[in-house]
Structure formats: C-alpha cells, structure tokens
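Below is one structure, written out as structure tokens, with a few remarks after it.
Should a chain be cited, it is by its letter among A, B, C, D, E and F, assigned in written order, with residues numbered from 1 in that chain.
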Amino acid sequence: MRALIVGRFQPFHNGHFEIIKTVLERNSSVIIGIGSAQYSHTLKDPFTAGERHLMISETLEEAKISNFYLVPIEDVNSNPLWVAHVEALTPRFDIVYTNNSLVKRLFKEKNYKVESLKLLNRSDWSGTRIRERIMKGENWEQYVPEPVARIIKEIDGPQRIRDLSVSDGD
Amino acid sequence: MRALIVGRFQPFHNGHFEIIKTVLERNSSVIIGIGSAQYSHTLKDPFTAGERHLMISETLEEAKISNFYLVPIEDVNSNPLWVAHVEALTPRFDIVYTNNSLVKRLFKEKNYKVESLKLLNRSDWSGTRIRERIMKGENWEQYVPEPVARIIKEIDGPQRIRDLSVSDGD
Amino acid sequence: MRALIVGRFQPFHNGHFEIIKTVLERNSSVIIGIGSAQYSHTLKDPFTAGERHLMISETLEEAKISNFYLVPIEDVNSNPLWVAHVEALTPRFDIVYTNNSLVKRLFKEKNYKVESLKLLNRSDWSGTRIRERIMKGENWEQYVPEPVARIIKEIDGPQRIRDLSVSDGD
Amino acid sequence: MRALIVGRFQPFHNGHFEIIKTVLERNSSVIIGIGSAQYSHTLKDPFTAGERHLMISETLEEAKISNFYLVPIEDVNSNPLWVAHVEALTPRFDIVYTNNSLVKRLFKEKNYKVESLKLLNRSDWSGTRIRERIMKGENWEQYVPEPVARIIKEIDGPQRIRDLSVSDGD
Amino acid sequence: MRALIVGRFQPFHNGHFEIIKTVLERNSSVIIGIGSAQYSHTLKDPFTAGERHLMISETLEEAKISNFYLVPIEDVNSNPLWVAHVEALTPRFDIVYTNNSLVKRLFKEKNYKVESLKLLNRSDWSGTRIRERIMKGENWEQYVPEPVARIIKEIDGPQRIRDLSVSDGD
Amino acid sequence: MRALIVGRFQPFHNGHFEIIKTVLERNSSVIIGIGSAQYSHTLKDPFTAGERHLMISETLEEAKISNFYLVPIEDVNSNPLWVAHVEALTPRFDIVYTNNSLVKRLFKEKNYKVESLKLLNRSDWSGTRIRERIMKGENWEQYVPEPVARIIKEIDGPQRIRDLSVSDGD
C-alpha cells in the first residue's frame, strides 16, 4: 500500500516526523505532499517549498528512511479541483492520512480511504507554536528534527521571521 | 427588458426566489449569475456551482418559470475587469438588480441602470443564517424552496458543512 | 439518465442541434457545456460565451425543448484537472457524448461511460467551414438553426469575423 | 544611481511626495512602482492603477520633476517570484527605498541595497487615515498634493468610497 | 485630447517613433501601452517590459517630448476583458490609434473612437524584420532610434537573440 | 556541489538516465526538475507529473542511486520569473546542466554556472521519436529504462497516446 500525507510543514517538526514513521509502519511507501508550495516569506508560511523539501529529505535520509516520494503541491484556487491536482502530481496512492478537515472531506467525496492519526504532544509540536517561539527568540530547536534546526539556521530563518513581523504604515 | 441578478446562492433560499419572481414581474426575462462559481467546500461557500445550478433550475422549473438564463460566473481577481467578465459570459441585459454595494458601484461606473430590491424577512432568509442552522443541526428546510432542501440532502450537504467546521492543528 | 455534451459551438450549427435531439431521445435531460468559454474575438473562436449561450437557448426554446442545462466552461490550463472542473460546474451526469478524442480519453480515465455519435453532413455542418464561409461572404445561414443566424447578424458577427481576418505589421 | 520605491499609493499623499523628493536628492532618477496594480474598488484599495498613475504624474509634472519612471506592478501570488517580477517590469535600479518589511526582506535576499526613510507626520500622512477621512466626510484635501485632490474629485472618488462602505446581506 | 497607442515594441523602432510624433501633433498627450508586458526571452518577444520602458522613455526624453504616459500592459487570457484591463491600468483617453485588427475591433465594440495611421517604410521599420537582422548579424541599428540601439547593446540583446535561436532535442 | 537538471521527461529515456549518471560523477547530488509539470494528455506531453515522478524514482532506486531530489515544476507564463520559480521550489544548487537554449540563457542572466552535456544516440534517445514509436505501434521499450517501460504499460500509456492521436471535427 502506498499512502499520502499532505501538510504545509512550516516547518517540518517532530510531530510530522512521528506521523510519517507511523504511516510507514502500516504502508510500504509514503508520498509526502508539501502543500501551499507557492507561499513563503509570510509569518504563517515563512519557508519556501525548496527549503521545506530539503528539511524533510535530510531528516528522512539521516533516519535511513528511503521509501518516500516528496512532492511540492501548489494551492489551486478552487477546492473541487484540488484532489485531481494532487492526483496529477503524485504517483498513485491507496490511502490518505490527514487531520485537516477540508482535505479529509475532499478525498472522501472522491471515494478515497481516509484515516486520522492521533497528534502527539500537540501544544509543543505545532507549526504555529514553533513559528511563535522563533519570532520571540524563545527556545525552539528541540521541537524539530536536528537537520531541520540546522537548515533553518543556515538559511537565516529566525532573522527572516523577525523581519517579517514588523508592521508598516501606508 | 432582460434583467441581470448576481448572487452566490449559498444556498438558494426563499429570499432569492422572491426577488426573482419580482424581477420577472417587471422584465421579460432574467439572467441569474451564480457568483464565486469556482468556490465550494468552505463554510462560507459550501456548494459547488453545479449544485447551485441544479438548486435554482429545479426550483424554477417546478414553479413553471422558464424565461431565465442561468450562468455560473467565476470571480476574477480584479474588480475593474468584473463587469466585462460578466458581459462576456451572459446574453445582453438592460438592467441590473442587486443589493451588493460593490456590484452596484461597478455596474454604475459602466453606465448600467442598477436597482435595489427590498430584502424580505432578512433575519431568516439569509445565506449566512441558513448555513449556521445547517451546521448546528437546527431546523433550516423551511427557509429554502422545497427542491433546494431535497438537493442539499441528496448531496449529503449537512454532513459536508459539519465536516468542514472542525478546526485543525498544523 | 442525465447526459453531458461539451463543444465550443463556434457557432452552434445544425450538426450540434441534431446531436442534442438524438441525445435527448436516449436520455431524460442533457447538460450542454459551452467549452473554451473565456475565448472570443479570434478567427477560431469569434463568439463570446454569452453569445453562444443565447444561440443555444433560443434555438432549443423555439424547438420547445426545455430539459437541458446550459453551462459555460472556461478552459483550465491543465488537462488532468479538466474533468473535476466540469464536475464542479455542472449537475451530476451519467454519460458523456463526445467525438473529441481528448475529452473522450479524460472522461474514460475517470471511469465515465463515454459514447460517440455519428456526425451528419460533416463537410457542411462544421464550425471551421461555417466560419470560413462567413469570412468570405459566402452563403452560411442554411447550415445553422434560424435563431443562430438571426443572433449572429444582430451582433454584427460577419463584420467582426472579417475585421479579425486582416493581418498586421509590428 | 537609479532608485526604486514601491507603494500602493491609495492615494498618493504628502508623505509619499516628500519621500520621492528626498530620494531624488540622493539619486539621479527614481522608478516609482505602483503596487497591487490590479486592485481597486475596495475600501483598502479604492483607486485603479491608471488613476494612481495620473495622480503621481500630474503631481510630479506640476513640481517640474521629470527624472522618474512610473510602473504599475500587479501582485504575483507568490512572494519568492516578486523581485523577479519587479525586475522584469522596470529599468535596472541600484537601490531600493522602502519601509515595508516584506519588500525589504525580499530585496535583501536577492542582494539588493535596501534603505528605510523616516516617515514624516505619520498620523496624518497615512493612506489608511486619509481613506477613513474621505469615507466619513472629514477634511482630507490638505494631506495630499493639490493635483491628487483634484483628480479624486474628478473621478467621483469620495462617492465611490462611501458606496463601497455599505455592508450587505446574502 | 488624450490618445492611446498600444504596441509590443519588440523593439521600439523608427516607425513607432514616427507614429508617436504624429499622434502628438493631433493630441495634447499620449498614453503608450507596452503590450504583452509579461513576455520576454523568446524570438518573437526578446525584451522585457522594463527594457522596453527604458527604450521608449530614453528616446522621448532625448527628443524633448514629455507629454506621454508609459504603461506596461500584461496580456489577459481573454479578449473580452482586454479593454477593461487597459482602462484600469491607464489614465482616461479619448481616442485609440492602432493598426492591429484585434485591438481595433475590441475598442470599437466598447464605443471608442479608433483611427489607423499609415505605416511608413514598412519593410524595414518592422519588429519582425529587425529581430531577424539582429539574429543574422545584419545591420539593424539604423532602423531604431539611437537610444534604443545603445540600450539593446548594453543589455547584450544581440547575444540573447542568437542564444534563443538554437533549437534543442528532448 | 549540488547540480540541477530540468527536463520534460516525456518519457524519461536512456539519454536522460545517462546524463544523470554523468552529472552525479561530477557532483555530490542532483536536483531533477520535472518541467511543464501541469501538462499531460497531449501528444507532446502525454504523461502526468506524477507518472513521470514514478518513472524517474523507480529507475534511480533500482540503480541504487539515492542522492537526488525530484521536483515537479509547473511552467509560469512569463520567462523572466522562471528562474525565481525554480529557486523557490528546489534546494539551493551550484550548477545547471541543460541543452535547452532558453533555460541556458535564463540561468546565465541570473549569473548561474551553466554547462551543456553531449547527448548520446540522439536519433533514438529522443522523447519526440519515442512518442512517435509508441503511437505507431513500433518497438520503443529498448530506448527507455526497464522500470519506465513497465510503468508506461501499467498506466495503459500506449492506448492513451493512440487515443489522443485521432483528429476531430467541430
């Protein structure tokens, strides 16, 4: 069985990593869709698709995981086209794992098998929470895999997030 | 005279139906533009353009009304193009009925005759209010024409709306 | 059974009309998709979606046919999204009639029942051939339903086509 | 040195004008990018790109300033493409002046020299504040250059803004 | 009277310059729309909108002409929206000068006054012909205003055109 | 050094595979961009991005190659944005290998190091030629890696190509 999971991964954190490992216990391979791929440089979506691609592939490679397909997926501006868009960009899959209510609904309506996964440690392993910690200069490295922390620093990510948090006049 | 009315019709309700009947008392035919046609599967816009097309045409057909043109109209991402976009998609029209301030303004600037219509029973006959009632499992069927209630149930609409109302982590 | 047929209808001609009548002998209603809806004012696609909407609805109305749904369908710039795009814009359908090889293939891959229809009088009842006749000032009215000829003249269609056929410098 | 400044100029006000004069004291010419060019007819973005083009060019012409390039710049729906988009639309430039945190960040990442300018009289010389004053019928003319006030009146701008401020049902 | 002329200006040549001078004899100012603004780096459209902006403004400035507005205009993928798109991007205009049959037709249908201008020396003052000469290494400088020749060389235009003319495998 | 190569891979053939192996002899890893990702179901671009993703990853996996990043890249409708688009979607790279004249030119203008690679056996190892062979029912399997031939058959590729080669009326 080939599984699909889709997330924004802003950034890829320990909770995402646990989910992928769980999915791979139950399936022979996993397609990881990097959603909202065209967005970056905002407080909600600070990292480019390429930066997220690197975070995920380095993490999995260091963990000796190789049975995955990594696919950036740009948003299409119309929900009823989204499943067909994902299908066009990815190898075929048999099951979808997601905790997103819209993704769940859209795949169900196209007759896909959809399952939820229990999110672990949800207050700390949360993209929103981690971006806040980075912005405020709090400790955040422990909530993401080591390669992710390294890449965020290499690309000067904390400064990018702080720069973007300044509000402006017009 | 051929009239134009444009709405999102999420869903088509009794207030919309009354407006169309009033417009047809004063004009020989009406073009009904289904606005924001590309959107669906959100709490604000749960139904697809095709589902809304069916709601409206079944209602009018059962009411023996046939002098209408039904036209889905996708949003264009630029207000000053919108009137030309509507003109390209529809047969020519002589007058526009709308209570939307933007639509009113855009057509006026292109020298169209624009009229408002008194909305009846506005607290109950409101798309926002009806979607809320569906989401909360309250009574809603009485505020929409019978064929609309039937179609919403056939497409499992209440479940779709409830599914979409769950909030997620990241 | 509800059937779907999709065409560009540039313009709607006798061959299209015969196909619709044949489809309605075998099905309870038909959805007529006006394809490439956003295009007009070229030699290949001279008429707007609104003009084509009017051609078809006037023809069917005068023929006392009312069990049809008319839906303009803009091209999406990606074939694998096209079937989902059509599904979002139209009421549900059970069978697709088309002689277009791409449309046939795309619907087949999504497991739709697809049938071809014999085109009658193909040398004269051809959009390409009729546009050529209009451009050259040859007789063309006999190849389209009477309301279509009337509408093309009302909108000054022959002059539009001749104007567009002039080639320019840069 | 050729400088770039980008703003939405909704409308062009005295603060913008002061900035341009300061930039021209330090550079031989300035490219003025009219950002979010495709938007208009909303409370945040009431004026079209063409109207803003006229406001700026009339003001500079009356002030005998001619060493400027005026370029409307539509938003692209992806931040990492924005600098390349600006580069494609404008003559080459050596330095960017901006107080917008996103613009600053994006140009910095592409290795441009970026400088801030002190905004003067920020409570009154503010697009947001001036649009509010127009909407409420308060005095606003003194906060914009004289040609801008004249153009806003010619295009019936205050009525447009008031019309757009009405809220609607659905 | 304010006039509009729209062209691709690939590149801006003597024929374009003559037209502008003629238009300014008959009107108080001219809006110069740089069409197909988003395209560049093809054999048909080698120069970016910014490069073309510079070619035109330098030429007019050196000729002491200042009563012009220069506006890049991206193509919209739908002819019936194009006039509204131009109207949104430009100051208001009273008359359109064009030799392009589509542009002529579209403005006429929106009730604009449209005039043609006799093209002079059409075999040499032709964008197509000049691009060919550049590609083949023939003499081309004499067919464009002096500032245009200078800019094309500064941006290494002849090499760009030659590079793009190589055909590839797949 | 991380290298980038971009191709349409319609389909991925022996020539592409040789190039990747050569690139990996000279670099520590390679990003493989699947260009024109949104296109499929035409004679020139029969396969979806997902199908091409699978062809490439299966081939490399069976060859025990793992130091690659596979990234679908949709066309953007503007050449000067294309390099920024690629940069946003991919991990950073140091060198670009390409035989496409436009790609070469665009990266050079952004100061990338660009190199060509000798294409081997160009008459047989050609996407165009292989698609023709599939369409005509000629022998084609020997020109693509074994996993590619297997996948093309699994997805019924030859029938798709033959279906799409039928020409239609209008």
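The working rule: a residue touches a chain if its C-beta (ideal position, glycine included) is under 8 Å from a C-beta of that chain, and two chains touch if they have at least 3 such contacts.
This structure is a prediction, so every number in the text was calculated from the model and none was measured.
A.B. asks: Going through D-F, B-D or D-E one by one, find the pair whose contacts repeat those of B-C for over half of the pairs by residue number.
C.D. replies: Matching more than half of the contact pairs of B-C: D-E.
A.B. asks: Determine which of the two chain pairs, C-F or A-C, is joined by the larger number of C-beta pairs in contact.
C.D. replies: C-F
A.B. asks: Counting only Cα atoms for the centres, state how far chain B is from chain E in Å.
C.D. replies: 43
A.B. asks: How many angstrom between the C-alpha centroids of chain F and chain A?
C.D. replies: 26
A.B. asks: Indicate the whole-number Å distance between the mean C-alpha point of chain C and the mean C-alpha point of chain E.
C.D. replies: Once rounded, the distance between the two centres reads 36 Å.
A.B. asks: Pull out every residue in chain F that's touching 2 or more other chains.
C.D. replies: 38, 40, 48, 78, 80, 87-88
A.B. asks: Mind listing the chain C positions that touch chain E in their complex?
C.D. replies: By the definition above, chain C touches chain E via 38-42, 48, 160, 163-170.
A.B. asks: What part of chain B is in contact with chain D in the complex they form?
C.D. replies: 7-8, 10, 77-80, 99-102, 104-106, 108-109, 119, 122, 126-128
A.B. asks: Quick check: in the complex, which residue numbers of chain E touch chain D?
C.D. replies: Per the touch definition, chain E meets chain D at residues 37-38, 40, 48-51, 53-54, 57, 61, 66, 69-72, 74, 87-92.
A.B. asks: Quick check on the complex: what are the chain B residues that touch chain E?
C.D. replies: 76, 78, 80-81, 83-85, 87-88
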